[in-house]
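Two complexes, one shared chain (chain A), two partners (chain B, chain C).
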Partner chain A sequence: MEVLYETLLDVTWSQVAMWAIGGLLIYLAIAKEMEPTLLLPMGFGAILVNLPHSGAAGVIEHLFDIGINGHELFPLILFIGIGAMIDFEPLLTNPKLMFFGAAAQFGIFFTLCAASLLGFEINDAASIAIIGAADGPTSIFVAQVLESNYLAPIMVAAYSYMALVPIVQPPIIKLCTTKKERKIKMTYKGKTVSKRTKILFPIIITCIVGLVAPDAVALIGFLMFGNLIRECGVLNSLSETAQKVLANLITIFLGITIASQMKADEFINKETFIIIILGLVAFVVDTFGGVMLAKIMNLFLKEKINPMIGAAGISAFPMSARVVHKLGLEEDNQNFLLMHSIGVNVSGQVASVIAGGLILAFFR
Partner chain B sequence: MDIFNVQFLLDSLPYMGKGMLGIFVVTAVIVTVVNALNSIPDKKNK
Partner chain C sequence: MKLFEMKMPLSEALAIAVIGISVVIMILALIAVFIILLSKAVRLVEGLVKKKVPASPAVTPAATQSVPEGINSGDVELIGTDEKTAAVIMAIVSEKCGIPLNRLSFKSVRLMDNDEKGGNK
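Now for the complex of A and B:
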């Protein structure tokens, strides 16, 4: 009988708090359908590792060692799947959209300074800043390579805010734009892109980014490898596997592996709270950066751009593009911005990896 | 971790400039390359 309540007496208040956080993540995943593929395994894992004397902690730690701690295997393999899912055609038909993706990385560098001001060591500040990449695998990769002490809160913030893009972005976009600007219509010139361009694009991007930021070559390389499988036209079966089975399999393990870092004694502290706030700052400033570049460009362009599409430059794909499209329709039910915002959104995916590479080049 | 470390902020500020400049330079190179690729006529469309 003693055995039954001995374990019960070992429960600490911080473990109970972690059960509540796990429960909240599961609730958001199921009831609100926010990034359920990640938040659900993370939420369940958070409960699992925070049971007193948890026998599951060992196996999850082992998954962490081989999947993340070793050579950042899980995020990189997941990038093959993501690369296979992305159609770069809207970007290739209008390459200047890439500049919005670049501008929407401003939140990363702003947050780097904010985290430094708050006293975080530079490797931790840089790892926190990369939450602004709005890209889970990049955040994990950079934080792990920089040996940040705050891997768990960074991962939780990165994935949570990606899920919260439909809530975080609209008020910022509305604050930065006028009603008249939001009503600007953009014509979509549906140019076709040659197969040769689609095949050469992932190879050339890998070479360019690899030469500028060698530390990011694994990230961009795996992303573009997935895209090459998709676009080559002779590996349809592999492309389908990468998009579905491979991505799903890794996602299951990634979510529960991240949870290994959510142990109460390491997770519940002041720093975690500050990191969650800084993550929000990163997303807000990213959105601001993208919109502002569009507004600046409009000063010089005859054919005006709807500045809202700049906000899609954060790489939360495809949520951010959908948010912009929906806002356009709210102002005018004939204002279709989806193709433009998708183009900006995929450019954000590339730009966020470049930003991650630069962060690694600076601080590794 | 200390609260408000101005020296850390001053140390990190140059990276904001270098980082944004770096992203825009790499992006400009990529845009140029993609434009060049798009300008090559497609054999099938000839």
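Now for the complex of A and C:
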């Protein structure tokens, strides 16, 4: 009985706050269906590690040590699954979409300046900036390699904003575009890509990125390995496993492992609050950058681009592409932008990995 | 951490930001150029291989172009609608159901009369 009292008396207000945060994440995952695969394990894990004298903390920390601390295993393996899920065909048929992916990384570099101005150490500022990659595994990888002190808030911000893309992006897109621009229809030429091209693409991209930005080679290499399994045509069973079983398994462990960093005494502070705000800034500037590039390109192009597709350059795949497609349909129910926005979204995936590698090259 | 106590001069931060985004754009431009060259090279090689192989199977060019790899065109019956509209409808059904087109089988696409209601096609 005494033990029970002791445990109850050891509960601190900050632990209670973490239970509330955990509850909120679980609520968002279940009721709002926002990235439930990650927010739910993270929410439950946040409660689990913030119980006084939690017996689960040890095992979760061990998972963290082997899965994230040791060579960033979980995010990299997850990339195999993501690579197996992605069809690069829309990008291969229209390579100029690559530029939107680049423009939508602008938020990373803007946030780097902002975080640095606010007084964060360089490695922390760079890790916070990478929230703008809108790519969970890349955020974890970069923050871990740079030994950031704010791994947990960075991960929470990255995944939360990815989940909030349908809420964050539409107002920014509408603010940056006119109704007329949003109604621009784009013709889809429906070109096909040969199997050889699809097979050579992941191999050669890995070589190019590896030669130009060696720090990104782990990220791009695992992503492209997954894609090669998908496209080679002789490993259908492995491809299915990577897309479903492997990705799901890692996601379960990743979510709950991240929670090991959400201990009340390390998580509840003003820096976490600032990081959450900076994460939002990164997403907003990313969206702005993508849309603005499309508007600038329209000044020179005969066949106009719907500037909304630029917003899909953030790598929140495929949510961002769907948001743009829905906005197009809202303006005109015959305006189908999905194939274009998916192409931009896929290029954003590649661009975010390259940006992550560059950040590592600059600050490692 | 002390707020607003800069660890890196603003000029340096801006320089890194400008260089960073420029390098990302350059690498992606390089990849875009590579994709174009790769597609052309593969098409050229495939063209050469096709020339060498005797043209025994009679495949119409229209059929090979319109049906993406791995997707079976099947025999969709079009009633009162054109191919383009049918293709759009099939793409929308695939998107809304979340099932790839190559796993869906359409039997017919029919324009409904105004007085026809319901009808599970």
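Following the convention adopted for this analysis, the second predicted complex is superposed on the first by the 364 of 364 C-alpha atoms of A that agree within 3 Å, B and C clash if a C-alpha of one lies under 4 Å from a C-alpha of the other, contacts with A are read in each partner's own complex, and residues count from 1 in each chain.
Assume a contact is a pair of C-beta atoms (placed from the backbone, for glycine too) under 8 Å apart; a residue touches a chain by one contact, two chains touch by 3 or more.
All of these numbers come straight from a predicted model, not from anything done at the bench.
S.K.: Which partner does A:Leu112 reach: the first (chain B), the second (chain C), both, or neither?
M.R.: After superposing on A, A:Leu112 lies in contact with both chain B and chain C.
S.K.: Examine A:Pro171 and indicate which partner it touches, taking first as chain B and second as chain C; both and neither are also allowed.
M.R.: Once the two structures are laid over each other on A, A:Pro171 reaches no partner at all.
S.K.: Thinking of the overlay built on chain A, is A:Phe336 touched by chain B (first), by chain C (second), by both, or by neither?
M.R.: In the superposed model, A:Phe336 contacts chain C only, not chain B.
S.K.: Jot down the residues of chain A that show up as touching in both complexes, chain B in one and chain C in the other.
M.R.: 91-92, 95-96, 98-99, 101-102, 105-106, 108-110, 112-113, 116-120, 122, 125, 192-197, 200-201, 204-205, 208-209, 212-213, 271, 350-351, 354-355, 358-359, 362
S.K.: Help me check something: in the complex, which residues belonging to chain A touch chain C?
M.R.: 89, 91-92, 95-96, 98-99, 101-103, 105-106, 108-110, 112-113, 116-122, 124-125, 190, 192-197, 200-201, 204-205, 208-209, 212-213, 270-271, 274, 336, 338, 347, 350-351, 354-355, 358-359, 362
S.K.: Spell out the residues on chain B that touch chain A in their complex, using ranges where they run on.
M.R.: 1-6, 8-9, 11-13, 15-16, 18-20, 22-24, 26-27, 29-31, 33-35, 37-38, 40, 42, 44-45
S.K.: If you look only at chain A, which of its residues touch chain B in the complex?
M.R.: 91-92, 95-96, 98-99, 101-102, 105-106, 108-110, 112-113, 116-120, 122, 125, 192-197, 200-201, 204-205, 208-209, 212-213, 271, 350-351, 354-355, 358-359, 362
S.K.: Taking the touch rule as given, give the residues of chain C at its contact with chain A in the complex, in rising order.
M.R.: For chain C paired with chain A, touching residues are 1-8, 10, 13-14, 16-18, 20-21, 23-25, 27-36, 38-39, 42-43, 45-46, 65-66, 68-69, 88, 91-92, 95.
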